[in-house]
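What follows is a pair of complexes built around subunit A, which joins subunit B in one and subunit C in the other.
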Partner chain A sequence: MINYIIRRILYALPILIGVNVITFVLFFVVNTPDDIARMQLGQKRVTQEAIEKWKADRGYDRPILWNANASGTGKLTETIFYIHSVKLFVFEFGQSDSGRDIGHDISQRMWPSLAITVPSLLLGLFAYITFALILAFFRATYIDVWGVVLCVVMMSVSSMFYIIGGQFVIGKLLHLVPISGYDTGIQAIKFVALPVLVGLVGSIGSSTRWYRTIFLEEMNKDYVRTARAKGLPEKLVLYRHVLRNGLIPILTGVVVILPMLFIGSLITESFFAIPGLGSYTIDAINRQDFAIVRSMVYLGSVLYIFGLLLTDISYTIADPRIRLE
Partner chain B sequence: MTRIALYWLLCSLCYLAACSDEPWNNPYPGDQSQQNIYYDVFSERPKHLDPISSYSANEYVFLGQIYEPPLQYHFLKRPYQLTPLTATEMPEVSYLDTEGRFLPETVAAEKVHRAIYRISIRPGILFQPHPAFARGDAGTYLYHDLTSGDLADVYTLDDFIEKGTRELTAEDYIYQIKRFAHPGVHSPIGGLMSKYILGLDELGRSLADVQPHNGGSRYIDLRKHVLEGVRLIDRYTFEISLKEKYPQFIYWLSMSFFAPMPWEVDRFYSQAGMKEKNIVLDWYPVGTGPFMLTVNNPNRQMVLERNPNFRGETYPAEGEETDWEDGYLQDAGKRMPFIDKAVFSLEKENIPAWNKFLQGYYDTSGIDSDSFDQAVQFNARGDAELTQVMQEKGINLSTAVTTSSYYMGFNMLDDVIGGDSQRALLLRRAISIVIDYEEYISIFANGRGLPAQGPIPPGIFGNLEGEAGINPYVYEWKNTRPVRRTVEEARRLMVEAGYPNGRDKQTGKSLILYLDTPAAGPGTKAVFDWYRKQFAKLGIQLVIRVTDYNRFQEKMIKGTAQIFMWGWNADYPDPENFLFLLYGPNGKAEYNGENAANYRNSEFDTLFNRMKSMANGPERQQLIDRMVEILRRDAPWIWGYHPVGFSLYHQWYGNAKPNLMANNTLKYKRIDPVTREKLRREWNRPAYWPFIVLFFVLVVSVIPAWRSYKRRERSAAL
Partner chain C sequence: MPVLFITDILIFVLLGMVILFAWYTTRHEHLRAPWRQVAANPLAMVAVVILGFYIIIGLLDSIHFHPRLSWEEEKQVEYSTEIHSLLDVLTEKMRTQIETSYSAPFATHSFAKEVIVLPDGSEIRAYPRLAFAGRHLDDVNDVGSDILIKSISGGLVGLFIWALLCGLSIFWLARHRQHTLNETLGSIIQRQGRIPWHIILITLGLCIVTLSTLFYLSSFYHVLGTDKVGQDVFYQSLKSVRTGLLIGTLTTLVMLPFAIALGIMAGYFRGWVDDVIQYLYTTLNSIPGVLLIAAAILMLEVYMTNHAVDFTSVEQRADMRLLFLCMILGIMSWTGLCRLLRGEALKLREIDYVQASQAFGVGHLTIMLRHVLPNVMHIVMISIVIDFSGLVLAEAVLAYINIGVDPSMASWGNMINSARLELARDPVVWWSLAAAFIFMLGLVLPANLFADAVRDAFDPRIRTMQ
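Up next is the complex of A and B:
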């Protein structure tokens, strides 16, 4: 398995280089270094000299990808791409275009993101599996039919509706939790409750339907029939056999998103004023802060690749028949 | 079982209700409830908190309370008036000729060789407590030579235990002025100041070659470098020499660009390793003002607290005539600041911010278009007033015409719409008439605007009210008010211009014009449709080219846009700050200046050069009138409108007079925390019934499922 992991890491390198290059090219197709400088310096009374000075200070005064005037390896290394992107491979994110240390910002802002995403994932899993099991247990009854109808209705509604509706009903009308904001420590609970609930309700339709399908598939298999035939009560069949085997695809689906929990949610964080990495990325895009955008895209790619690797490994744990070679 | 569960639920709810009478939705810690704290929002994290770099209103909200330039705007007097802040009196200005002889104040600008501003500051002003000033027993600075080991456990400024202070001196102002030339500092007005302050260019060139004094540190000791244009007279007095007469310079002295900067602070923040920890001057301001930034988390919250070293300042005793009636002078002569703390929370979306204001968790609020109808209605006379719901909550409304202009510009370099040919001139005038800004303001700005009659907004010297102030090319004076000229009149101008019914008389082709705009989003389609409709009144086909802001900027810099929309917020309340937007040598395409229309008129430029260095008075008014007449005649802009700012504030918030020029208004504000807390509790009683409903819904839905389960368990296998 070690060999497999090493091989996968080596496969990831060209992918990460590709992601880096594509992000870089896309960004600089839309924005020139002058645009970035102008955005940082403001909109009033910005002189060309100030722009040139800003670019020179941050290494944006060089050619973008190829420096024809340099000699030797300088043609490649004395470029904006090399200066700003190569250090990413050793997770040196450097300074944002507004002058702040990106690594420090990421280390600060991942906690609020995790404060939302981890409870959402755990409570969500519990709720979705419970509902899916209930629907599977009462399959082909009115509970199942209306449950599925409700799931379809809920998955048809935009997540924005749940956010605004949740803030309006729970925060504004019922006065149960603050409408938005964030705090640290135990105080965080009252701020996190609503976004977690909204996230949970927003995904309940699609997730419950998916898990129900998985459980129903398991329930039609021979080993379940055998369990029933030997007289096991239905709840034991469900909990001891169907749930365990049904958890394998659920588990692998969950493991792949585990590393992405750090990245947070763009819309939820923005609406609930949660100072996480999702809003950090959105802010950077709006402010054309290339340094942050490339760092976050790169980090997202690394985490996603890591998630896929974890998924493969989790297969071997969940199903002993699988071997990674 | 159901009975036990119900009992448990009721007990839990009673416990929850009894354990605290705090509103559950209070976003602030409970111990703040009775404190003298002001609560507000910010929607965008500040980019710069270094006073030399900051040039944005959302940054001035913080900087204005911390840094103290020599002058400030009087809080109550209108028109806006400068008054001393740290200065003992208004600066003494001297004009000298080439021989060094003193010239009178009214002397023509071309005769002035040097303009000297002498400023004396008050003794005894102290900086806020800060580690940069901390000294050990031997008098050496504790934190000026930090090693990487010393910084290992430092993450924020609070990790430096010792703090110190010292008295503000004239040297601190001089140090800040030298920072305009610092190679590592980016000041948006550095170029402008180099044009005026003697020797700033030369200092910039010499500093460019200076290497910081030790490895890793970015510190350049500016005290050792001479700037010809500043002179220290004594501990509390200094002079600034300008290369020419520039009366508007005095306004810059009220902005944070000219706030004092102690060398100790620059040295402290420039040390190796500080930038990597984000402990920089651009992030942790140090001033002498009434407040200091104690929590700097722009991702969540910014907190200003009283500066314990603040000297104290008294509330103004003079104002406008109506200020006594309006209660703005009740605190006359009392020591400021009145509040202990100001908490600014990040709110990126308008809806949560608005709802929290209604719940009493923010003391003031703007009104966005989504909430406008909920908050404001117009009475039969057309005046804005609060809705019944707002009045019942005791919310107050304040309005003020902003010192801003939103306009539509014509690129004067364009072959069709630009230039000074009669044909283009008549075309521009015809378009100016048909774009009905009264309608625009009513539809898209909820009535919050005044149609502009020229470039100078109301409240700025040079703007004329009434019949004398209307643009006669677009309006007529009828029944004591300006009335827009008719579409028929505009069509006649089109015929004169050679575009009858919007067709070129020579070629027979329809006239197509292009509007470049960076505006995008769901709300803009209606605006674009409206503009197309306005141009269609003349038979002109308007093509709207939506681009991103960068491409728009590029077009403007290259002068390739045909028609565009733009705006300007005043830096200072002087007509020069608006008329320079149409000064020829400020052309954007040729000189990268702020004259986006690339308008050039030699008479206007000559008059501008005379007007800009004159003191306000009848002679200056006469020049401005002539200049405005030239602009109205040539119509390089459709003058658009001046927005009217609407803001709401709760009954517990005092001294709310809007001041659109001053940035340091927090010290004047007053809060009644007892009333606020009482009303917050009243408005935010939590509703318990949803828990009971939820419980019964669960019970009702579980019972049939439970029965069904039992039935299935009992049933025999087939």
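Up next is the complex of A and C:
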């Protein structure tokens, strides 16, 4: 088992390097720091001195890959690639373009993100599995048919409308919760409730339909037929056999997004003004703060790769038929 | 003088490919069988009819030209610098009748009170009459009956067109089946045959009557109201159709060659080729999609502002950005299909006919093209139709983060984005959002239903279950 995990981690390393190189190329080679500086400072009347100063303030005034002026290892380390990209490997994000410490910001902002994503995930799993089981129980009846149609209709509505509609109906018309904002401690609940609810409703369609297919596939298998044949009531068949085996693909599907919960949801956070990592990223995109966007791209990729690793491990735990070879 | 945007060229290339593919399919029985199953599905046929209308609108909007300036006809012909499309010409009145600000659907008066100077010099605060909508009315109180009369006459025109189309299609069917017209009509009414013609014709009728009513009314009223700068919302929604369709289809067009070539190669050659390709798609896949798009669009903006000379018109800039967005979305979305194709190719390469060809010394390329590719086409087909609706929906989200299509371009995402803050007004300005909602649902829901039907027909696993 440990061998397997080590091998998987070693396998993840080249991917991390690849991600790093891609972000580096995207941010420094496609457009040089000069271009970015010129854009940030305005187009027409920009002096070369202003550009040089902008670059010096942010540490972009070094050569990109190879510093011929430095001595010894400085030839490699005194470069933009080393300072801004290689250091990402050890999670040294450096400073944002506006001068704040990105690492500190991230550690502060991940908690509000988690406050939204964790309840959404747990409540969502419970709700979708329940709905999917109901549909599977009533399979091939009108309840099932119309349930699936409803799912398709709900899937076809943009998530923006769920958020806008939720804010309008629950926040503005009914005055149940504040429309947006965030607070710490127990007060946070009233701010968190609406985003969680909206997120839940927003993905009912696709998730329920997907889980229903998983359960239906499971129901066609031999062991379920055996269970029915020996006279087990349909409810027990569902709970004891179908649900348990269906949970394997569902849970392993969940494991891959577990690490991504830190990042939070971009749109939801921004709409509800929740100071999490999602809105942090969106603000950075709107302010064109390249340092933050670069860090978040890298962090997101690391978390995704970590999620893949967890998935592989959880498969082997959940399904004893898979051998670690 | 015609103008060709790059996206226009691509959309017609795509259209040509679809027509070629359709022609090829009709000549091969094994390819026709699953499509027949799709055609027998009433929901899917309703979806096809509705999608057809969207595609027609999108195509009309893809033929661009510089309109000729009419007063120059005598001398040398001159062209306006504006770029119009065929759709713009058809919706001339909607496009040009611009009010000053918000107005509700079918309103004759402005949404906000203004100071009006009466003929006798006194000033009152009231809702002013709109500059264009309802101008033809002498008495504003007649608006209800006027709308009714106009919608009936618009609807009648629609009914007439529908009757014409019905006649044509029945005539064609009769020729095709070599029946008399009466027999054909009878079989449609009695719902005989596999293809639900009665449902197709009814849907067609509903669509045509609705559209012609709305079109006719829209030259007298703003049927879906106007937005903040007084533009007709119905016109904007129609213009957005092209954007939505382009995002959904061009993205697929961009990614297909990569996905198919790399996926099949990985599965067929295995070994180091497989390792490299797997590494490539895992790496790309692990970068969060929205962030990659954001980074790429930021870089495009930097490039465009530093090379402003290369883009002569706003439309070209917007077009470039749309194309770039499609490419980025394509680069991100080929990985899923590639993985599926790799798995399938791994299975196929062990099958007897592939082994036999290898033993006969047939080249790798020929084997992949002749034996592997046709046998993975069902996966490609399913994934194209399933991805489409997701991409249309994604456009709205990207517009919100300002990394979607150019803000000057009509798109549902931009409509939602500019209208979402207006819900805070009192009374609420709801029509822009409602229009975007209806038009998006009208495209995405049929697309989803059609995708389901295609998947059911093409997926061999589901086919054997039935």
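Following the convention adopted for this analysis, the second predicted complex is superposed on the first by the 290 of 325 C-alpha atoms of A that agree within 3 Å, B and C clash if a C-alpha of one lies under 4 Å from a C-alpha of the other, contacts with A are read in each partner's own complex, and residues count from 1 in each chain.
The working rule: contacts are C-beta pairs under 8 Å (C-beta built on N, C-alpha and C of every residue); 3 or more make two chains touch, one makes a residue touch a chain.
Quick caveat, the model's predicted, so the values are computed rather than measured.
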Which superposed partner A:35 touches (first subunit B, second subunit C, both, neither): both
First, second, both or neither for A:297, with subunit B first and subunit C second: second
Partner chain(s) touched by A:57 [first = subunit B, second = subunit C, both, neither]: first
Subunit B versus subunit C as contact partner of A:130, first or second or both or neither: neither
A:263 touches, of subunit B and subunit C: first, second, both or neither? second
Touched partner set for A:23, first subunit B, second subunit C, both or neither: second
Partner chain in contact with A:14 - subunit B first, subunit C second, else both or neither: second
Subunit B versus subunit C as contact partner of A:226, first or second or both or neither: neither
Dominant contact partner of subunit A by residue count, subunit C or subunit B: B
Set intersection of subunit A contacts, subunit C complex versus subunit B complex: 30-31, 35, 38-39, 164, 167-168, 172, 270, 288
Complex interface listing, subunit A residues touching subunit B: 30-32, 35, 38-42, 44-50, 53-54, 57, 95, 98-101, 104-105, 108-109, 112, 134, 137-138, 141, 143, 164, 167-168, 171-183, 187, 190-191, 228, 233-234, 270-273, 275, 279-280, 283, 287-288
Interfacial residue positions of subunit A with respect to subunit C in the complex: 14-15, 18-19, 22-23, 26-27, 30-31, 35-36, 38-39, 43, 152-153, 155-161, 164, 167-168, 172, 220, 260, 263, 266-267, 270, 281-282, 285-286, 288, 290, 293-294, 296-297, 300-301, 304-305, 308
Subunit C residues within the subunit A interface of the complex: 279, 282-288, 290-292, 294-296, 298-299, 301-303, 305-306, 308, 389, 393, 396-397, 400-403, 412-413, 416, 420, 423-424, 428, 433, 437, 440-441, 444-445, 447-449, 452, 465
Subunit B - residues contacting subunit A, complex: 23-27, 29, 45, 47-48, 55-56, 183-184, 186-192, 275-278, 280, 282-283, 297, 299-300, 345-349, 351-353, 355-356, 358-359, 361, 548, 550, 553-554, 571, 592, 594, 684-687, 690, 704-705, 708-709, 712-713, 717
